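The structures considered in this document are given below.
Below, subunit A partners subunit B and then partners subunit C, in two separate complexes.
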Partner chain A sequence: MLYIHQSYCISPQQTFMNVDWNVLHEAMDNKLKVVEPAYENIPRNVLRRMGKSVRIGVGAAFPIINEIKNIAGIIIGTATAGKEDSFTFLKQVMDYDEGLLTPTNFVQSTSNAIAAQIGMLSANKFYNITHVHKGLAFENAMFDAAMQLKENPQHDYLLGGVDEISDDDFNLNNLAGWYKKEIVSNKDLYESNSSGSLAGEGSAMFLINDKKENAAAKVVAIKTLFTKDEEEIKQQTKELISENKIDVFISGENGDNRLQRFYNACESLLEEDIAIVHFKHLCGEYPTTTAFATFLACDILQKQSIPNIVIKKSTDKTSFGNILIYNNYQGEQHSFILISKA
Partner chain B sequence: MSRIFITGIGIITSIGNSTEENRVALMNGVCGISNKTKYPSKYSGVLPFGEIALSNDELKSSLNIHDESVTRATLLSVHAFEEAIKDARLSSKEISDSAFINATTVGGMSETEELYHDISATQNASPFISSYDVSAPTVFMQKHYGIKDFANTINTACSSSANAIMLGARLIKNGFVNKAIVGGVDCLSKMTINGFNALQILSDEVCKPFDADRKGLNLGEGAAFLVLEKEEDCANKKIYAEVKGYGNANDAFHASSISDNGDGPFLAMQTALDVAQLNADEIDFINAHGTATENNDLTESRAMLRLFKNVPRFVSVKANIGHTLGAAGVIGAAYSALSIAYQEVYPALNFKNKIEEPGLVPNLQYEQKSLKHVMANAFGFGGNCTSLILSKV
Partner chain C sequence: METVELKEVLKKQIIEFLNLRDLKPEDIKNAEPLFGEGLGLDSIDSLELIVLLQREYGISIKDPKEGRKVLVDINTMADYIEKNRTK
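Presenting the complex of A and B:
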């Protein structure tokens, strides 16, 4: 469907530029917050006005837009971009009883601010879109990107997934029961056996096109489902693993004991020699974690080795060709992404 | 590749609760914008808005939805969606196999009081706790209609639902689905009222698109959905128009205003022509974005003058219904489809004097007119510009 040529990720771990999987940065108060780079190439006056999601979005995209000119489209998936500004503005509206306000937060409150800012910084006037379908925002962006490549072969596209933790959004998700009530270390995330997960955030950006030569990885399939029935998830898993010989299964398990049944159902179908990897103790839970998982899959395929820190079940295999990512957001939105060696 | 036809339309705006009511109101030059609004904002009665008369309770009872987590954005969406699927006579199986794409900028965040409570509450969440997200109306409708496969929500500010139409058409063209139900919604909210007020672009009188003395925009609320189907599936079906072209471009200039020469609007329109394989002089009519702000109408006019040797007749319905933000693109497209289906153009309201430099005059009268190709524009914050071309079948 599409080839990934470059990938950059700003996450709570050391994943940007000098990737180091040997150190685990720990969660604070059930939040895994991004390690932000210095953003040396972004003008200070522009940087100062950016909210966090725009900053980490632009930051991870910058090495790509700086090098590749004539990108034919900017395709972003995000569920939380602009929320911090929305809520800040809302509080001003209410606290000042709809008095006279400055529009800064309002202007930055729409979800398309990341794609817009990347477009502006790179003077890119082509296709520019923001998919915001919650836990499938990145998958839908990836699907759109694959379609764009089919329609416009031989072009480069920027594909990204970005989400941020803001205090107000954390509170809303916490109130809705999606974060753990007790303080849990990310080291113990999978043993916590309670409801909820840790909050996370991150930005991953990919340069994609339809050229196999020198590609880092190939996205072979994207499937999304909306269901509460684990049988449907099993069915989809069976289909994908019977058609493709899987070497690594990346599980989106997040320590929420209400959702574990979906991940267990998938794992129960895997052959003995398939490695199982999990990653949410590194990045926490947020709607576009599959962008982080895609970055991790590219890393495994390129280096032909799995970082110890993400191994749930090891394998004797020494070469890795096909990786299947399965993720589930809040129990209803499911996705499978199949990524292979280019 | 298959041609894509519009076989169903559902619309709710301040000038009507159905497609037919909207059409009659457009023909008669009805304006739904007034100071007599019920929305609980300090600016109700002070600034004019295009408010839909139906209350949430009335919508709930007519739609038979009694879930207390449902927001106005969802109710307006369901109302318009129901009309669209009935119009296209889709079976429930056909609905659940369709792609569903909704677009909105505010979504459930219009329930301001509850949201304000919930963002700082430690307990006693309001019933809306999981309904604020921009994807919440889509997710509710996925469940309500059993849509299992492809569902999506798009937010590119005020061009959102034009992009929903474009994505739906592309999904069908690429063979991923046979049908797509696409549209968008936004309702009045304290966020947008105060936001646009802070930007000082809300007019204190009914807006005057493309007029030299325009004073800004009026906010409106609305929802519309279109059913898109492949030509081969449309035998014996009513067909409003073909989705012939679409273009998405970015102005890459400023977060909340369009560049002087209207680069984004120009490129969006040009790309739509390229996709439709049409020359500029084949466009018969334009449903302009025409928000009636100083910036939009001037730059959109300049972009039209750059593209067209003779600018076709055009209108902005913002003077009828206000700016419906995320829904504006699909409402403009729906009105364009009606123009094509009934071979008629609707009159611009509140226009007196042309803007000196571009010197363009919108279409001023209702008229029966032979129309082959109609363009519909939608531009938004972040420079997101999308243009669509609908054609007579």
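Presenting the complex of A and C:
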């Protein structure tokens, strides 16, 4: 079993260290950008070279790697990684006709730069891997972590999901119709009734192991599938809710009216007393939003309370044991994560 | 370009190339060592500075010994640029 012991999240909201769900930071130009901390523990010479995804990845991981010295592996899910640096590097290749290029942008742009920097800053020479499966990158990292724990029980692992907004990536996804054409406030995201969503970014890091004692939550099931058929999603939801008594359903709905049918299909199967929660008005849409949802699930389970800001449908229940997260990315990559009280 | 003006431009370029966000041009003294105790730059920065000289001034440094003599402080860099620039 995969137990979550610590969780840290840098997001567009106040979620790092002093979590405050009462204030909603608003989107600017359809982008929800992260609120970055001061990164006081990261050496300035190292920090100035870091791209945003590396900064927020290392920043969220730092409290864990600072405290736990013998982490057996660093397992990160990211789809975009350092896209801003990738584009900067590619522009240099064009501008200088493949001539003399600076090393920093290239080093920061590779997908594994986040896990590598965390490893270097913590002098960790063990398992270090990055999963890049687009909208299922975090879920695949979670699968990997579960398999690692099965092979190496009694070890601690760092699991994380990180993605950033870059200008060029935003433009490309905007042209592909994944962001809203009209300016929409994140306050009105779910009522917008148009295609596309708001761009988002964030980083969530978890200390995991197979020890129940003092754990904040446990991951009971992870399911991923690739489909465009909501009947398949309905079938998977039926199986999960028949096998587990769900208290809270966390929906990954993102205000895109083309994708709402998947979320409606799931919600139509839920019993009346199950609370429904949504979160993408807080973090926007990006490939590893389920890391944010996992952080939110841990927060609900630990505090035994659902923040008002995420409630779509409330419940009379006063204790929460099982939380089911359902998310889809761009209508094709779907995932379910079942998280329970430890 | 006058030497004084060149040094000011060079400081701005160093701040931009090396992403020294906390510094302003006036914070960098002309005789302050770039590496070690001064600005505290490191080996990756020296590569970035060599790229800066090539791109902005058309100067190609191929001999590491020459690089060590040039990349000492703002004064040595400006002197070298004045004598060797091709653009």
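Assume the second predicted complex is superposed on the first by the 342 of 342 C-alpha atoms of A that agree within 3 Å, B and C clash if a C-alpha of one lies under 4 Å from a C-alpha of the other, contacts with A are read in each partner's own complex, and residues count from 1 in each chain.
Basically, a residue touches a chain if its C-beta (ideal position, glycine included) is under 8 Å from a C-beta of that chain, and two chains touch if they have at least 3 such contacts.
Here the structure is a predicted model, which means the values were calculated and not measured.
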item	value
More subunit A residues in contact [subunit B versus subunit C]	B
First (subunit B), second (subunit C), both or neither touched by A:48	second
Which superposed partner A:125 touches (first subunit B, second subunit C, both, neither)	first
First, second, both or neither for A:225, with subunit B first and subunit C second	first
Partner chain(s) touched by A:332 [first = subunit B, second = subunit C, both, neither]	first
Partner chain in contact with A:103 - subunit B first, subunit C second, else both or neither	both
Residues of subunit A that lie at the interface with subunit B and also at the interface with subunit C	100-103
Residue ranges of subunit B in contact with subunit A within the complex	41-43, 105, 109, 112, 115-116, 118-123, 125, 129-130, 132-135, 138-139, 142, 147-157, 163, 167, 170-171, 174, 176, 190-191, 193-199, 248-256, 263-264, 267, 380-384
Residues of subunit A that touch subunit B when the two form their complex	74, 79, 86-87, 89-91, 93-94, 97-98, 100-103, 106-113, 115-117, 119-120, 122-134, 136-137, 140, 144, 147, 150-151, 168, 171-172, 175-176, 224-227, 332
Residue numbers on subunit C that touch subunit A, as the complex places them	17-22, 40, 42, 44, 47-48, 50-51, 54-55
Subunit A - residues contacting subunit C, complex	44-45, 48-49, 96, 99-104
